Amino acid sequence: MGSDAASRSDLPDGHVVPRFAGISTFARLPHTRDLTDVDVAVIGLPFDGGTSYRPGARFGPQSIRAVSTLLRGFNPVQSVEPFSELRVVDWGDAATSPVSIEDAFGAIEDAVGTVLAANVFPLLLGGDHSVSLPVLRTLAAKYGPVGLVHFDAHPDTWDVHFGRKYTHATPFRRAIEEGVLDGRRYVQIGIRGSLPKRSDLDDARALGVTILSADDVYRMGIEATLGRICEVATGSVYVSVDVDVCDPAFAPGTGTPEVGGFTSREMLAMVRGLAPLELVGFDVVEVSPPYDHGEITAILAANLAYELLSSLVGRLAPQGRGDGGRPAV
Amino acid sequence: MGSDAASRSDLPDGHVVPRFAGISTFARLPHTRDLTDVDVAVIGLPFDGGTSYRPGARFGPQSIRAVSTLLRGFNPVQSVEPFSELRVVDWGDAATSPVSIEDAFGAIEDAVGTVLAANVFPLLLGGDHSVSLPVLRTLAAKYGPVGLVHFDAHPDTWDVHFGRKYTHATPFRRAIEEGVLDGRRYVQIGIRGSLPKRSDLDDARALGVTILSADDVYRMGIEATLGRICEVATGSVYVSVDVDVCDPAFAPGTGTPEVGGFTSREMLAMVRGLAPLELVGFDVVEVSPPYDHGEITAILAANLAYELLSSLVGRLAPQGRGDGGRPAV
Amino acid sequence: MGSDAASRSDLPDGHVVPRFAGISTFARLPHTRDLTDVDVAVIGLPFDGGTSYRPGARFGPQSIRAVSTLLRGFNPVQSVEPFSELRVVDWGDAATSPVSIEDAFGAIEDAVGTVLAANVFPLLLGGDHSVSLPVLRTLAAKYGPVGLVHFDAHPDTWDVHFGRKYTHATPFRRAIEEGVLDGRRYVQIGIRGSLPKRSDLDDARALGVTILSADDVYRMGIEATLGRICEVATGSVYVSVDVDVCDPAFAPGTGTPEVGGFTSREMLAMVRGLAPLELVGFDVVEVSPPYDHGEITAILAANLAYELLSSLVGRLAPQGRGDGGRPAV
Amino acid sequence: MGSDAASRSDLPDGHVVPRFAGISTFARLPHTRDLTDVDVAVIGLPFDGGTSYRPGARFGPQSIRAVSTLLRGFNPVQSVEPFSELRVVDWGDAATSPVSIEDAFGAIEDAVGTVLAANVFPLLLGGDHSVSLPVLRTLAAKYGPVGLVHFDAHPDTWDVHFGRKYTHATPFRRAIEEGVLDGRRYVQIGIRGSLPKRSDLDDARALGVTILSADDVYRMGIEATLGRICEVATGSVYVSVDVDVCDPAFAPGTGTPEVGGFTSREMLAMVRGLAPLELVGFDVVEVSPPYDHGEITAILAANLAYELLSSLVGRLAPQGRGDGGRPAV
Amino acid sequence: MGSDAASRSDLPDGHVVPRFAGISTFARLPHTRDLTDVDVAVIGLPFDGGTSYRPGARFGPQSIRAVSTLLRGFNPVQSVEPFSELRVVDWGDAATSPVSIEDAFGAIEDAVGTVLAANVFPLLLGGDHSVSLPVLRTLAAKYGPVGLVHFDAHPDTWDVHFGRKYTHATPFRRAIEEGVLDGRRYVQIGIRGSLPKRSDLDDARALGVTILSADDVYRMGIEATLGRICEVATGSVYVSVDVDVCDPAFAPGTGTPEVGGFTSREMLAMVRGLAPLELVGFDVVEVSPPYDHGEITAILAANLAYELLSSLVGRLAPQGRGDGGRPAV
Amino acid sequence: MGSDAASRSDLPDGHVVPRFAGISTFARLPHTRDLTDVDVAVIGLPFDGGTSYRPGARFGPQSIRAVSTLLRGFNPVQSVEPFSELRVVDWGDAATSPVSIEDAFGAIEDAVGTVLAANVFPLLLGGDHSVSLPVLRTLAAKYGPVGLVHFDAHPDTWDVHFGRKYTHATPFRRAIEEGVLDGRRYVQIGIRGSLPKRSDLDDARALGVTILSADDVYRMGIEATLGRICEVATGSVYVSVDVDVCDPAFAPGTGTPEVGGFTSREMLAMVRGLAPLELVGFDVVEVSPPYDHGEITAILAANLAYELLSSLVGRLAPQGRGDGGRPAV
C-alpha cells in the first residue's frame, strides 16, 4: 500500500531517531517532488504579502514543519493510521515572491497545479489567507467551481483592501467573482469581532455565503454546526482554516487575533466532522511564528492538518486500493 | 451626529491607512482635550505603584492603544456602530507620578474630574487596580455614592497592605469607607484562588458586598449571573474589570495571575450584559505588557472596552439626540 | 498545631514582606531538612534527562517555587488553611545528576526515602515524568504496590524508548513490571493526541490500566470521571499530574504539548475531587520554564499542588491531632 | 525661537508627566500636520512589503516612537538642545499600503513631498529599506540628484530581486538609474557578510559607489572613515541608516541580521560626525519589533535619529534665525 | 577559616548537586540571619517604586540569585577563592514595601543596619537605584560621610523628580544634602545619553562630584580611569553599579537603557580595579528581569558582585585572621 | 567542479526562491546521504544530555539550519565561493538518543565514521560539547591522535562531573586519556570566568594543553593569538567552537553563558585565521534555541561554520581538482 518513497515504513521511528533530530519535513514524511503513487502532498505556501496587520506568516510552513515532528502514526479518535493508510509526502514550498502578490499567486498556482495534475490531494500550509485564492483557481480548473468550508474569525470577503483587489481580506470574494468558488456551497464558521461596516456580513450573504458566527456555533453546538456545514458544502469541497478562528489563548501566533474564539478541542472536533464531505483540498493559514510563544499555534495547526489527513483515509485510501489504481481525488 | 472633532468620519479608514500606521490612539480616535460635544472620553491611567507582585501596568494604556487599532466600526453582536453613534475621543493619559500614590491619585482625580465636569462618560485604561479609587471619588462627587460591578479574581477589599491604606488590593474598602461607593450596590464577580485569611470574604461581605465567586458563576451560568448583577447594581453604577478575572491562558499579561478563570468569550458576554445598567464610568485595569506575549491580554482589554462602549449606545446616544442636547451621562 | 519550624506562624506575612522578596521556597514555607513534626515535605526533582522532545523541566522546581509565593493561606473552595492545619516544609531538591538517569533515580530514591522514613507525605515538583518511577519504588517499599491516579496527555506506558527502558515515556510500565504499581488500581485521565502505534492503548490496557481519554472525560463530565477514578484507585494511591494534561493554552511551558486538553478549571476540580482517596504521595511534573512565557504553567502547577495539599487536611491533620501524635501518613 | 506648536515649551516635562504616559509621539513632540515655522518633521514610513527575510518593520515607527519618549532635551556630547534650538514636529505616518509596493511608494512620495514643499527637513523612520527610494525621488525633485551616506551590512544595490525591480535590496540601484542619486557622491559604510555573487560589489562599484566595508572601517578607524565619507558625499546629501549595520548583539530586532557589525558607540560616533555635510534628509530603517527583545533596537534607532537631529542644529537653526525667516533646508 | 555556617565547605559541590537544583541563594551560599563570624552578607533590596520608566527591578534579587548558582569557587584573574577565603552568607531580602518609598527605605535601613552592626560587609542586590540612599545613610552612621564610586549611564543627582525628592533619579543629591555622602569623594563613571537640561551636569559638578562620562573613559582608557577613581574616592568608599552603565546589548534587562555603553569586559575590569580602595559596601542595581531575555543582565550583575567580592579578599580576609578576630570591615 | 548532487547550481537562487521558503537544510544545500564526489558534509549532532545547566542544545542543529538560509554564495573577505568551489551536502543528523549518552556517542561515531570513510570533511553542528568526544574518536581512528583548536569560555577538561566521566565538561580530558587527542597539540582560547577549583587550569596544563585565556587574547591581540595557535596545533587538527566563547551579548542562546567574552567580529577573525592549519574536522556547539531571542546565536554559529568552510577552499578544493579525483581530506 503506497509507494516505497511515500510509505510510512521509510519514516524515522520516533523511538529511534528523536523527534528533534533530522531535516524538518512535515511529520517527518519524505521530501520529494516525485508524485508517483502519492495520495496527499503537503505543500508550504510561505507568503504574507497580503497581510494587513501583524506579518510573519511567511515563516508559518517552517514553524509548522518543525513542530509537526511530534505527530505520530495512529489517530486513536478516528482509529486510522494516516501515514500508513495513505501515501503522503512533503513536496516542499511554492516559490512565493515576498514582494509581489501576483508573482506569489503564480508560484502557488504552479505548485498546486503540478500536484493536482498528478491526482494528488493538496494539503497546504500558509502563509496568510490570500494564498487560498490561487489554490481555489487551480482546484476549479480541475473540478469546476468548488464549495468551501471556511473557518475564520473574519469573513475575508471584502471587496477592496487598500485599493487593491488581492489581499488576505479579499480572497473569497475574488474567488466567487472569478467563478472558481460557488457562493451557495460556501459556509463560514466562527466569524466574530468588530467589522468595518454594518453592511459587511450582508455583503457576504449577498454572495450566497452561509455565515455561522462564533455565537451561532455556541448556540447550536458542534453537532448541529457540522450538520449545517454538510448541508451547504456539497460537491467538491475545499476546507480553509484560518488559525485565528481559535481564541488568542489557543492561537496567539497569528496576524489578526480576535478574542472570543474557539478552543482547540472545538476546532479539532469540527475538522474531524468534515470526513463525510467530498474534500478536494485543505489549507491551514495565518500562523505567524514571531508572535507564537511556546510554538503553541504551530502545534495546533499541525494537529488540525493531521486530523484532516486522518479523515481522508476513508475517502482516498480504500476506494482506490482494490485495483491498485489511484483514488479519484 | 457628534461633533466634527469626534465623529467617526474623521477617523482613518482601515482599508486606506493601515492599522499599524499612525500615532496610536485608542481605536484611532481623535486625540484631543476639547470635550465639546463629546460623549465618551478614553483616558489612560498609567500607574502601577500600588502593585504587590508583577509590575508593568504603567505601560497598559500604551499597549492597549497600540493594539486597539484593530477595533473596527461595527459591533455585529450588539448591532451598533459605537464610534458613529457616539462621539468618542482619546483624551490622553493622566499625569500619574510613578513615585507617589497620593500624587498619582491627585492626577487621576484631576483628569477624570475634568471629563465629568464636561458631562462626558469616562472610559479608563489602567494601570493597576488602585486607580479605581480616585475615579470613584470623582464619580461620587457628581453622582453621590455609586454602585459597582467589579470583575476580578481578587476581592481588593483588604484593609491594609504593607501597612498602607492605598494599594491595588484595597481600593474598594477605602471607597466604601470614604462613602463614595455603596457596599450594598456593589457586586464582585469571578473571585477565586487562595486568600490570605479565612475571614477575608466575610470581611468583604460585612461591607455589604455581594460576592459571586468564579465557581458561583460556573454553577449559575452567565444569564443568572447577569440577573444577580442587575439586582445589586442599581442606580448610578461604575464597572471595573481587572483582566485577571480571565484565566492566565486568556490574560497572561497581568500582575497577579490566578488560574481557573473565565474565558474571553464568557467575559465578553458578561460585559455585554451590563447594558441595562445605569452606567457612569468604566475601567479595565491590570494589563501588564512586559508579561503579555503576543499582546493577547491587551487585545482582550481593548475588546472589553469596545464591548462596553457599544452597550453605551442605547443609553448615551438616543436620549440626548432629539434636541441636539447633551445626554445626561 | 504543628512544630515551630513548620508552623505557618513562622511564615512571612504577604502583607508585610512582599511576595517577590526573600529566598524562594515553595509557598514561602520554611526550608529545612529537619522532619520532626512535619506532615508534608515539598521536594523538587529537577531532572529532565528522560525527555524526548523539549527539555527544560530541570528548571521546573525553581520556577514553581518562584511563583508559588503567590499562594496564600486559605483555600476558600475547600475551606481549609493547609499551611496552618498541616505542618509543611520545603525540603529542597534531590541531587539529581543531569547526565545519568540511573544516578538521578538513586538521588530521588534517597530523598523521597528519607521523607517517607519520617512518615512525612511527599509532595514532589518535577522534573520530567521519568521521576515518578523512583518515587513509586520508594512508596512501594513502604506501602506495597500502590494505586495511581495519572493525569497526562500521553500514556507513558511505552516499553522501550530509544532502546532504553528508563525515559519519561516509560515510567509506569516499568513500575508495573517492578511490582511497585498495581495496574488494576491505576487510572489514566486525559490521554489524547496521536500515538506511535495502533496497539499502544491496548498495550496499556493489557497491564490492567483503566484509560479515561480526554474525550471520555468530556463525554462523562467531571463528576462521573471522579467517580470512576475512585472506583479504580483504591488502597494507597499516588497521584501524578503531567501539566501537559492541560491544553497548551493553559500550559505552554511543557515538553510535549498536545492540543485539545483540559482547562485549568477542569484540572483544579479533578485534583480537588481526589480528597476521598487514600493518598500517599503527589507529583506535578513536566513544567519547562524556557517555554513558559508569563510563567503561567508554573503558576498552574503551584496551584495544583496547593489544591492537593488542601485536600490532605482532612486526612493528615485531624486524626493525629488529638493526642499530639503523628498522623499515619 | 520656533512656533508655538513645535516649541519645546509645549512638550511634556519628563519630571512631571512620566515618560510612559501619554500618546506616543516621537520624543513626545507635538503631533501636527501644520508645517508653519517647522524645521524638522519626523515621519513614519511603516512599510515592510519589500522585505526578503524577517518582516515586521511595518511596526518600526510605532516601536521607535514608544521608546523615544526616553529622549531628553540636551545632547551633552554635541552640547545642543535640539528640540529647543530646532522646531521639530511628529507629522505622523505615510499611508503606506501593505499589499502594494507601488502604492506604498506613492504614499511616501506624497508625505515627504508635502514636507519638502514646506521647506522642512524630513527625518524618516522605517519601515524596510525599500522606503528610501521614494524619499530619494522626492528629494531629487527639489535638490537634483543627491549624494548619499548609507550605513548598512548589505549593499542594497542589487538589480532584480525575485524578478522585481522594487524591493528592500534594490533601492539604491534604482535611484541611480532614475537619476535621483549620484553614484559618485554615494558612499556605503559597514558592508559585510556573504554575498550572492562574487561580482556584487564590483557591480556596485561600477555605479560609482564608494564602499567602505566593516573591515575597512575597523582598519581605518572612525576618524578616517568620516574623512573619507566627507570627501565623497558632497553637495546635498541624504543619510540612510539600516540598523543592521550594527551587530545583532546591538540590533537584534531587524530583518536580515549580519554578524560582525558595529557597536552602538561606533554608530553614534559616525552619525555625529556627519554634521559638516550638507544634509537634506535622514532615515533609520529595518527595525523589526517582533524580534526586538527588550526593545533595544528601537532604542538604538531613536538615539541615532536624535544624534542626527542634534547635528542639524548648526545647519538649520542659526542661519535662518537672524531674519526670522525659514532656513533653506 | 570562617565559621561553620558560612564556610564554603558547607556549600553544595556543583559537580554533585547540579547548579539548577536547590533553593536559590546567592552563589548557593548558606541562607542565614546569624551573622556570627561572617565577613560579607549578601542582601536583596527588592524595591522598584522609585523607577521612572520600565519597572521590574523588584524581581532583580530573585533573578540574580537564580543565575548566581553558576558562580564557582575560584576567581582565576584575581587568583582568589572568595567563598573560602571570606565567610559569606545570603542574608535574604529587606522587607521593602512596594507601595511606599518611605517604608521601603526604613526596611532597607533596618536590614543594612543589622548587618553593619555585626561588622559585616554588605553586598547589596537591587532593586532600583533609589535603594542606595538608605544604604548610604546606614553606612554614614557607622563611618561618617563616605566616598562613592558610581557606575551609571545617568547621574542620578537630580533634585526633584515628579515633585518628589525620593526617586531612582535623585538618591545621590539627597545623600549629599543629608551629609551621608561626601561630594568631593564621589566619582561618576559612564554617564552618557541625552539629559533633561543643559545644566544637569553642572548641577552635579556643583556638588563637588567628579564626572567621567562614557566618552571620557573611552578617551582615557580603563587604566587611567581607575587612576582617577582612586584619586577621588578616598577614605571609606561605597561602590554602586547601575547595570545600565553597560550597553543594552550587554544589559537589556534594565529600566532605562542607554545606548553607547560599556561592554561586560570593560565593566569587569573596572570593578576589579577597585581593590585598592577602602571599600565599605557595594550594590548592583536596576536589573529588571521582565526585560532580561536569556537572563544575560542578571548573569552580568552576579559576576560583577563576584568580582567585587573577590577583590575584598585582600582587605577583609587576612588582617583579621591572625587572632581569629573579626576584620575591621 | 563537484558532483551534480552537491553543486551550487542545484541550490535555490535566493533571488527566486525566498530564503524563508523550502525545507530547511544547512545553507539550502542538498540533503543527501550519497557521499559520492562530496568534499564536505554538514552533520547535526542534536544531543544535550551532557549539559550541566541550561539545556536546549538538542534543538541547535534545527535552529542553525533554519537561519543558515541567510548564507550566500560568495565570501568577500576570503574571496571564495565555498559552495561552488567545494562540494558540500547536508547529511542530516546523527540519531542521538536523548536518554543515554553512551547510545548518543555511538550514533555520532556511526554518522561521522560513515562520512570519514568516504573521505569527506565533517562539519558538525551541536549539540552540547560532549559531542566532540565521539567525533575525536572517529577522527583518530583515521588520522591518529589529532591536534585541537578549542574556543570556549570553559576548559571542558574536568575529570568527573556528577560522578560521571562523560559530560559536556569532560570531553577533552577523556579524549586525551583515550589517546585520540594529543594534549601537546591542543590549544584552548577564550577561557574566562570563575572556576570550581584553584587547580583546574593547572590540571588542564598538566595534560599538555596550551591555554590562552580571554585576557591573554585581549593582551596579545588576534594576530599574535593566531600565531600561537598555529605553533601548537600542528598536524591533523580539529576545531571546536563553543559559542559561549563569545559574550552573552553576542551569544545569549547557550547553556552556560559567561560574561566578558569575545565579540562576533573577533570570533570571525579567529576562525578565518585557521586556514593555514591542516584541518580535519570542525564543530560549533552549545547553541540553545530556547534562550536565543531573535535567533542571533544561531546566526552567529551558522556564520562561523561558513567562515570555516570558506577557509577550506584552499585546502580541499584545488589539490584534488587537477585529476578530477577526491582531495585527501
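For reference, chains read A, B, C, D, E and F in written order, and residue numbers begin at 1 within each chain.
In this section, a residue touches a chain if its C-beta (ideal position, glycine included) is under 8 Å from a C-beta of that chain, and two chains touch if they have at least 3 such contacts.
Predicted model only: the values in this text are computed from it and were never measured.
Q: Going by the touch criterion stated earlier, list every chain that contacts chain C and also contacts chain D.
A: Per touch definition, common to chain C and chain D: A, B, E, F.
Q: In whole angstrom, how far does the Cα centroid of chain A sit from the Cα centroid of chain F?
A: Spacing between the chain centres: roughly 40 Å.
Q: Mind pulling the chain A residues that touch 2 or more other chains?
A: 16, 18, 20, 52, 54, 58-59, 97-98, 161-163, 247, 249-250, 291, 293
Q: Okay, what are all the chain pairs that touch?
A: Chains touch in the following pairs: A-B, A-C, A-D, A-F, B-C, B-D, B-E, C-E, C-F, D-E, D-F, E-F.
Q: Would you pull the chain A residues touching chain F in the complex into a rising list?
A: 12, 16-18, 20-25, 31, 44, 46, 58-59, 61-62, 65-66, 90, 92-98
Q: Considering the complex alone, what residue numbers of chain B touch chain C?
A: Contacts found on chain B: 52-54, 158, 160-163, 192-198, 200-201, 213-215, 218, 247-250, 252-253, 256-257, 259-261, 291-293.
Q: How about chain C: which of its residues touch chain F in the complex?
A: My answer: residues 48-52, 54-56, 58-59, 97-101, 103, 161-164, 166-167, 290-291.
Q: With touch defined as at the start, can you tell me which chain D residues reach chain E in the complex?
A: So the residues of chain D in touch with chain E come to 14-16, 18-20, 70-77, 79, 81, 247, 249-250, 263-265, 268, 293-296, 299-300, 303, 306.
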